[in-house]
Every structure is written in C-alpha cells, then in structure tokens.
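Shared chain: chain A. Partners: chain B in the first complex, chain C in the second.
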Partner chain A sequence: MNEIVQSLINGALLGGVYGGLAMGLSLLLGVLRIVNLAHSAVLIFGALLYWQFVNGFGLDPLLMIAPVVLIAYLFGLGVHRGVTQYLTRESDSTVMLAFFGLMIILESIAIMIWTTDTKTVALGYLSGVIRIGDLNIPVSRVVAAAITLVVLVALHFFLTRTLTGSAIRGMAQNRDVAAMVGINVEKLSRRVFGAGIALAAFGGTVLSLVSSFSPQEHTRWLAWAFLVVILGGLGSAMRTLVAGIAVGIFETVVGLLIPFQYTYLALYALLAVALLIRNEGLGGIKQRTI
Partner chain B sequence: MAETTDLDKDAKRNSDVALAQAKAASAGVRKAPWWVTPLVAVAIFAIIAPMGGILGLGAVTTLTTVLYYTVIAQGWNLLGGYGGYLNFGAAVFAGTGAYTAAWLNSEFEWTLWQTLIPAAFAAAFVSLIVGFATLRLRSHYFAIFTLVLTFLALVVVKNWPALGGAIGLFTDVEGDFSSRGLAILFFYVLFGLAILATVIAYFVEHSNFGYALRAISEDEPAAQVLGVKTTSVKLRALLIGAALGGLAGAVYAFFTGYIEPAGTFSLDLALDIVLVCVIGGMRSWLGPLIGSIIVVLLEQILRVVVPNLHLFGLDIPAETNRLVLGVLLLIFALFIRRGVVGLFVQRRGRVVSV
Partner chain C sequence: MTNVIETETLTKSFGGMTAVSGTSFSVEPGTIVGLIGPNGSGKTTTLNLLNGAIAPDQGTIRVQGENLAGKSSTAFVKAGVTRTFQNPRVFSTVTAMENLLVPVLHTRGGKAGFTKKAEELLETVGLLGHRDTPASELSGGQQKLLEFVRALMTDPHIVLMDEPFAGVHPSVKEVMREAIVERNKAGTAFMIVSHEIPDLTRLCSRIICMSDGQVIAEGTPGEVTSHPLVIEAYLGQGPASRGERG
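And now, the complex of A and B:
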C-alpha cells in the first residue's frame, strides 16, 4: 500500500516536471504552428548550461534557473531573426528540415563543449528527503514540481486574463485576421518564439533537478514532451500540466508492474494509442486553439 | 550567372497575374529536354559500374557507401520528398533489416542472399505499425514520431538478449573471399540494389501513384477531396521505402561484419539520408543519386580535413563534422529548397497562392 502511495506521489511530482518539459513545444505548435524538432536539444542545452552554473561555478541552484531561461529567451529571439521569420509562410516540411538542422547543430555544440558524459546537477541544500510516515519524498522533486506549477499557472493566467494573452490566442486561431484587427503579429511571433525556446530551457533546468541527463540521448525527452503534448492538446498550460502529471503517474505505476526497461515500450505504446485515438490531442480539432 | 538571368526573365513573364493560373497549369515545363535526367542517371551508373574492378580498396568502400545511401535515400524520398512526410527514423528501418539479416545469419547461418527478402519484409512490417499509428495525422506527427522512434529501437534492441543486447551481432559471408573480393561483392550487390531503387523511384515519379503523393504534399485535404486515398497512398510509399531501407540494411550488416545497437540506431544515419535528399533534390528521382555522391564525398573530406585543422592551436573534436552537416541542412532548407537537381530542372507547376 505504502509503495503504491509512494509511487503515486513520485509520479505526480515527476509529472509536474514533465508538464514543464512539454510546455515550450506545445506553445510553439499551438500558436505559431512550428514543429520545434530542436525542442529537446534546447532543453538539454538549458540543462547543461544550468549544470555549468551550479556545478561548474558553484552558484545557487534555485537562483540560477532565471539566467538560463533569460539566455534561452535571447537565443530564441536570435533564432527567430536568423531562421524562423523566413519560414512563416513555408510548408511544414521546410520548417521541420530547418529545425532538424538546428537540432543537429545544438547537439553537436553541446557535445563539443560538455562531451557525452552523463551529468547530474549537485543539488546542495535541495538534496534532502522529506519523511512523512513511511513516505520518502525528495526535496528536489518537490521544488522542481512546485516551480513548474507556479510557472505554468502563471502562464495560464497570462494567456487567459491579459490583453497580450488574448492577442496570442487570437494569433493562434487565425494569424491573418489577428493582423487585420491590429495585432502586431510579427513582434508577437518573435516574443512567443522566444518564450517557447525559453520554456524549453526552463524544462531542461527542472528536469536536471530530478534526473541525470546526457547530451546525445536528448530525443528521449522529446518523446516524453511529445506524448504530453498529444495527450494535453496544443497551447494550453493547464491541460499540459494535467497531461504531464498523468504521464508521470503512468510511468511510475508501470515501473512498479513490469521491469524498468519495458516502461519505455509501454510509454511508446501509449503514444501510439494516443495518436490513433486523437487527431489533434485530447482537446480535439475544435479546441486546438489556446 | 546564366541561371539567374533566365529565372529573372521567367519571373517577368510570370508577373502577369492573369497568366499565373495558366503558367501553373503548364506543369512540367522544363529548361532541359526531358531526356537529360535519365541520361545523367545512366551516365552516373555507367561510370560507377566498372569502378569496383578499377579502384583501390578504400575508394571501392567509399563508393559502396554512396550506393548504400542511394538505396535508402531513394526509398526515403518516395514519402519524404514527393509526399512531404519527412521521416527522421531512417535508421529504424535500415536497422531492422540489418538486425534481421544478422540474426538469421548468426542463428541459422542463412547466407546474404537468403536474408535479403526477410530483411525487407521485417522493415516493411515495422513501417506498417508506424504508418498505422501516424499516417492518418498531419505530417509533423509522423515526423516527430519517427524521430523519437530511433531511441525506442535502441532501448528495445539493447535489452533483447537474442539480438545480442548491447554487445551486438556478428555476420559472416559464406565462401572464401579475399578482402578485396568481399569489397567487390558488396559493391555490386549494392550497385544492383541502387539501380533497382532508382528504377522504382523513376516509375513512381511518372505514375499516378507519384502524382497522388505530390498532390498530398501540395495540399492534402484537396487531394482527398479529389479522390486520392491519402492514407493508403502514404502507407504504400512508406512501405516501399522501408523495404528498400531493410534491403540496404541487410547488405550493410554483412558489409561491416558486425552490428551493435548504438551505432545502428543513431540519428546520424537519419541526418545523412535527409541531407542526401535535400542536397540532391527532394522531388526528383535523380536527387538521391546525386545527393549521396555529394554527401559521402563531403563527409570523407571533412573526416580528413577537420582533424588536421589546428585552429588557434585547439584540437577540433569529431562533432565538428556533424556541426557542418547541420549548418548545411539549415542553409539548404532556408535557401536552396530544390536541391542541386532543382538548379537544372525547373520546378513543375509552381503553387500560385492568393
């Protein structure tokens, strides 16, 4: 019994992080119709940068999330200027080719700088364990899930309650009409793209709090993020969070039942089934906007 | 330079909006006469054909790699190029073929020839599962799914004891061959497969099947409305492509003599194949042939040149090669979408959007 409760809690906390992992992908796909194949490469880059700050320079693990996200945002603006803005009217396949190229570039640079070693962030004061009865809950997981929760809830309110958020949702529904009613779609696209990249890097930082990672195996995290996006639909922060938690719980519960290496198989099977059942995520076509 | 001035003239002639539709309809207007592309292909094959006997061992191995890439890329190009459904899991299909062949060889001592057909079927079977899950959806779901599939294949094979786990499988060609004899054998096997794949690509491009695929990449809902059975067409294209990949993979397993999961199921092959098609030209049956020659030669040059560059006294790591390839892909995707072949053959029926 305790084991089940323990894994449910672990799964829910892990799942919160998975929500953070997928949000950037979901935002770019939902608002800009951009399939960011480089999502996981940015994610790992963010994690490695974070690792460099925390392990390499010995800086505070909680405070260092912000600079990584800021750097990623600026990088995103740069990529938009250099690559994405030329692709707004291009076919999906051209966009994907460009982002596949970007993925290879980021991955190669990451391996050149940090080699292929598996990295683990030194948690410092976050490395404790909370004990409640028989339950052991790692502080780092709680912190990572809590930060993700705050960010996603804030994003949710930003998208639904502010004027800029409405403009973004309008752009997601129809870019041309959004431009007609006076939304500066070029500027907004640039910022949304930056935010999508920044969120990917944010996902990397919270992921590095709960898991070790290596630069060449990053497509694994793309698979997770993709699964969350398929289950949660596009662009909605709350649904992404819920889908992330569902995936986290599914993973830990399946891990209890079958040997560890087959959990991947189960998750991919879940992905295939989700793709078969849903055309555009659980929200369906009608709700593909934010 | 003549190229650009001709293009400018074309653009001026096209500028009459009233004529735009008619221009678009006159699909297949080419600069070069129709027989040029087949002639180029035949010439390339005719030049390559005697090379197995002439060149040294190293050069024959390089040419064998060119042919290996040609086979996979021709298969990839059916759905990826004509259909616009990019497949980033080329390694999964080729790897399935390679592992099927290696397993049959090491377990039951089947020869190279006997393993070819089962390998093609195994790869086609895997593609069928992938296709059923993803091909009813829009192209980016297929692309992401194939991209993340490589990781799953790696994990599954690593944990499958019968397939050698993380250690891998050894293959053995029957009969007594000198190392040169073996190289020549593989060269001609892949030469035959490359011709087969190119002929298939040629006939697909000039059949209703090919037109259906191109219609899908232009506008899938419209194609569906006009009566194209889109899912079935896509599935067939994927199937043929995967079978060709499986065949090439099977030969490759014997060619290298040893396969292991990390090398077989890596994104490097996917990158190479995508590059071959993008550089060669995604909508031409000639593209993969030219592209694979360019990409393999480029990689050879990089492999030789990069380690010898002591830029600022630093050792340049091997990943620089991939970095260059990634940059190249980005440049081609942004600026040279029609590839090398596209520079010589005018695009059919430019889409006129409002």
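And now, the complex of A and C:
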C-alpha cells in the first residue's frame, strides 16, 4: 500500500514538472501555430546552462532559475527577429524544417561546450528527503513541482486576467483579425515566442532538479512534451499541468506494475490511445486555440 | 477640412481579374457614406484596401491626409480606420468584454478606464448583460453588434462596415442603425457596404455605386438610385443599355 502511495506522490510531483516541461511547446503551438521541434533542445540547453551556473560556478540552485529563463527569453526574441518572423506565412513543413535545423544547431553547440556526458545538478540544500511515516519525498522534487505550479498558475492568470493575455488569446484565434483591430501582431508574436522559449528553458531547469540529463537524449523529452500537449490541449496552463500530472502518475504507477523497460512503451501506447480517442491528432490540435 | 479617407486611382488585381480599377473617391469627416453595387463589383475588395487587409497594386489611400497605401492593418487602425465584416469575426474563445479590450492593448490608459468604456459601449447595443459570456455563445446578430462596438473602442475617425444589416433580426438591425446614428452624431464617419438599399438610403447622406471595380455613380441616395448606370448595373437593362446615356 505504501509503495502505491509513494508512487502516486512521486508521480504527481514528477508530473508537475512534466507540465512545466511542456508549457512552452503548448504556448507556441496554440498561439503562433509553431511546431517547435527545437523545444527539447532549448530545454536541454537551459538545463546545461543551469548546471553550468550551479555546478560550474557554485551559484545558488534556486536563484539561478530566473537568469536562465531570462537568457532564454532574450535568445527567443533574437530567434524570432532573425528567423521566425520570416516564417509567418510559410507552410507548416517549412516551419518544422527550420526548427529541426535550430534543434540540430543547439544540440551541436551544447555537445561542443558540455560534451555528451550525463550531467546531474548539485542540489546542495535541496538534496534532502522529507519523511512522512514510511514515505520518502525528495525535497528537490517537491521544490521543482512547487516552482512549476507557481509559474503555471501565474501564466494562467496572465493569460486570463490581463489585457495582454486577452490579446494573446485573440491573436491565437485569428491573427489577421487581431491585426485589423489594432494589435501589433509582430510585436506580440515576438514576445510570445520569447516566452515560449523561456518556458522551454524553465522546463529544463526544473527537469534538472529531478533527473540527470545529457545533450543528445533531449528528444525523449520532446516526446514527453508532445504527450502532455496532446492530452492537455493547447495553451492552457492549468490543463497542461493536469495533463503533466496524469502522465507522471501513469509513468510511476505503470513502473510498479510492469518491468521498467516497458514503461516507455506503455507511455507511447497512452499517446496512441490519446490520439485515437481525440480522433484528431496534430491536425486537430492545429485547429484549436487557447 | 481634410477628408477622413481619400483614394486616387486605386487598383487591385487578383491574377488576371481586376477587382478594383482606378477608383477615386473621398469620405468627409462625420458623414455616412454607402457603398453599393452588384455582386462582384469590388465593394469588399475596396474595404479590404481601405483598412490595409490587402495592399493596392497602385493608387493612394490617404487617411486624414497621410498616404497609407501598402501599410499594415495596424497602421490603419492607428490612423483611425476600423472595420466590421459581413460574417462577424469576433474572438469567439474570449468573452464579450475581452473582445472589446483587445483593441486597446497598445493604447495608453488603465484597464479600469477601458473596462468602463467597454461597458458603456456594450450597454449601447444591449450586450452589457453578456459582458462575461464567451462570444461563441452569442447569437449571430449579437456577434455583429459586438463586432461593431469593438470597432469603436479605439475612437476611430471612420468605421468601415461590410453588410451590417445582412441576415440579422429586424430588432438587431434597428439597434445597429440607432447605434450608428448616435456615433455619427458624435463625429465618427461611416462607410457602409450593403445590399439593403432602403436601410442605406435612410442612413446615408451620400452613396457611391461600383460596378466592375469602378465607381459608376456618386451622389445623394435619390440621385444614385435613379441613376441610369446604377439601374443598368443592377438590372442589366435600362436607359444606358438602350443607348440613352447622357
């Protein structure tokens, strides 16, 4: 019984992190219709940068999340100015190819700088364990899930309670009409893109608190992010969080029931079932808006 | 006084088809101008040109004296030109209130002030009770009214309206008509594309008729509706087609 409760808690906390891991992908797909294949590369780049700050420079693990996110945001603004803004009217396949290219570039740079070695962030004061009866809950996992919760709730309120949030949701529905009512869609798109990239890097920082990682295995997290996005729909921070938690719990509970090596198979089966039930796949997602 | 909108030799082609051909006209401040013409005469293309949705192949579009031809829709809104569509294009996933707040994102002022203004506008068309209703849950007529007041949020000099009376309940039509008149009294000009000629003659001080992408008649409602070229354009027969042109 304890094992199941332990798994549920672990899964929920891990799932919270998965929500953070997927939010950037969801935002860019939902608002800008961009299938950001470079999402996981940005995520791992963010994790590596974070690792560099914490392990390399010995800086505080909690305080270093914000700088990584800010750097990623500025990088996102630059990518938008240099690349993305020219892809607005291009076909989906062209956009995907462009971001596939960006993924390769980021991955190569990451490997050049940090090699392919697996990295683990030195958790420092976050490395303890909370004991409740027979349950052991890693502090780092609680902190990562809590930070993700705060960020996603803040994003939810930003999107639903502010003028800019309303404009973003309007632009998500119809970019041309948004321009015709006076929205500077280029400027807003640039900021949303920056936010999407920043959220991807944020996902990398919280992921690195709960898991080791290496530059060349980032596509695994891309699949995870897509799974969460497909389950949760586009652009909604709360639905993304719930979907992330569902995936986390599924992963840990299934891990209890079947041999570890089949866990991923079960997760991809869940992805297939999700697509079958929703009966719309990526084409359907493209039609929906936040 | 500078015209709100003034076009000269405005031309737009799509492939081999010329939709608007060398069109020149103007709209004076505070007037309501009707734009009529048979299907395919270039009315909607003209509206699309006048709000920057598409760029002209040649010609000028002066808004308050400044040539904006080829500029973005955002530039036109900034200059004081807003519009509505034949099929209302509200943001269906957000509430009626949010629909009105979206256009003022880049306008100086606090959200509280904009919210009050939006409430007043919703009140004028009887939608205040639906302020928190997602636009997708409003009827087609209500969406037209919502789109109309959304176009007023930025205090435009002119509102371009494409078929505002088409397919709506007579009561909605009356609310729309009254709202246009009220706003016009406050100085806002309107250019209204419509096939509902009786509604236009009630509202407009001037009517422009287009056919085959060109302005074929311009004047008071009485002058235009009795103009032989207009009758010919609509009915395919008349004095003009019988060789009785002026």
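Just a few scattered comments:
The rule is simple: the second predicted complex is superposed on the first by the 281 of 290 C-alpha atoms of A that agree within 3 Å, B and C clash if a C-alpha of one lies under 4 Å from a C-alpha of the other, contacts with A are read in each partner's own complex, and residues count from 1 in each chain.
Basically, a residue touches a chain if its C-beta (ideal position, glycine included) is under 8 Å from a C-beta of that chain, and two chains touch if they have at least 3 such contacts.
What you see is a predicted model, and the numbers here were worked out from it, not measured in a lab.
In the overlay built on the shared chain, the residue A:Gln173 is in contact with chain C alone; chain B does not reach it.
Looking at the shared chain after the overlay, A:Val181 reaches chain C, while chain B stays out of its contact range. Between chain B and chain C, B touches the greater number of residues of chain A. Judged by the touch definition given at the top, the superposed model places A:Thr164 against chain C, while chain B stays out of reach.
In the superposition on chain A, no contact is made by A:Gly58 with either chain B or chain C.
In the superposition on chain A, contact of A:Tyr268 is made with chain B only, not with chain C. Using the contact criterion defined above for the overlaid structures, shared-chain residue A:Ser91 touches chain B, although it does not reach chain C. Looking at the shared chain after the overlay, A:Gly133 reaches neither chain B nor chain C. Shared contact residues of chain A, touching chain B in one structure and chain C in the other, are absent.
Interface residues of chain C, counted against chain A in their complex, comprise 51-53, 72-74, 77-78, 82-83, 89, 91-94, 98-99, 101-106, 111, 114, 150-151, 153-154.
Note for the complex: chain A touches chain C at residues 162-164, 166-167, 169-170, 172-174, 176-185, 188, 289-290.
Those residues of chain B that touch chain A in the shared complex are 80, 84-86, 88, 129, 132-134, 136-141, 143-145, 147-152, 155-156, 158-159, 217, 267, 271, 274, 278, 317, 319-320, 322-323, 325-330, 332-334, 337.
On chain A, the positions that touch chain B within their shared complex are 29, 35, 37, 83, 86-87, 91-94, 96-98, 100-105, 107-109, 111-112, 217, 219-220, 222-223, 226, 230, 261-262, 264-265, 268, 271-272, 275-276, 279.
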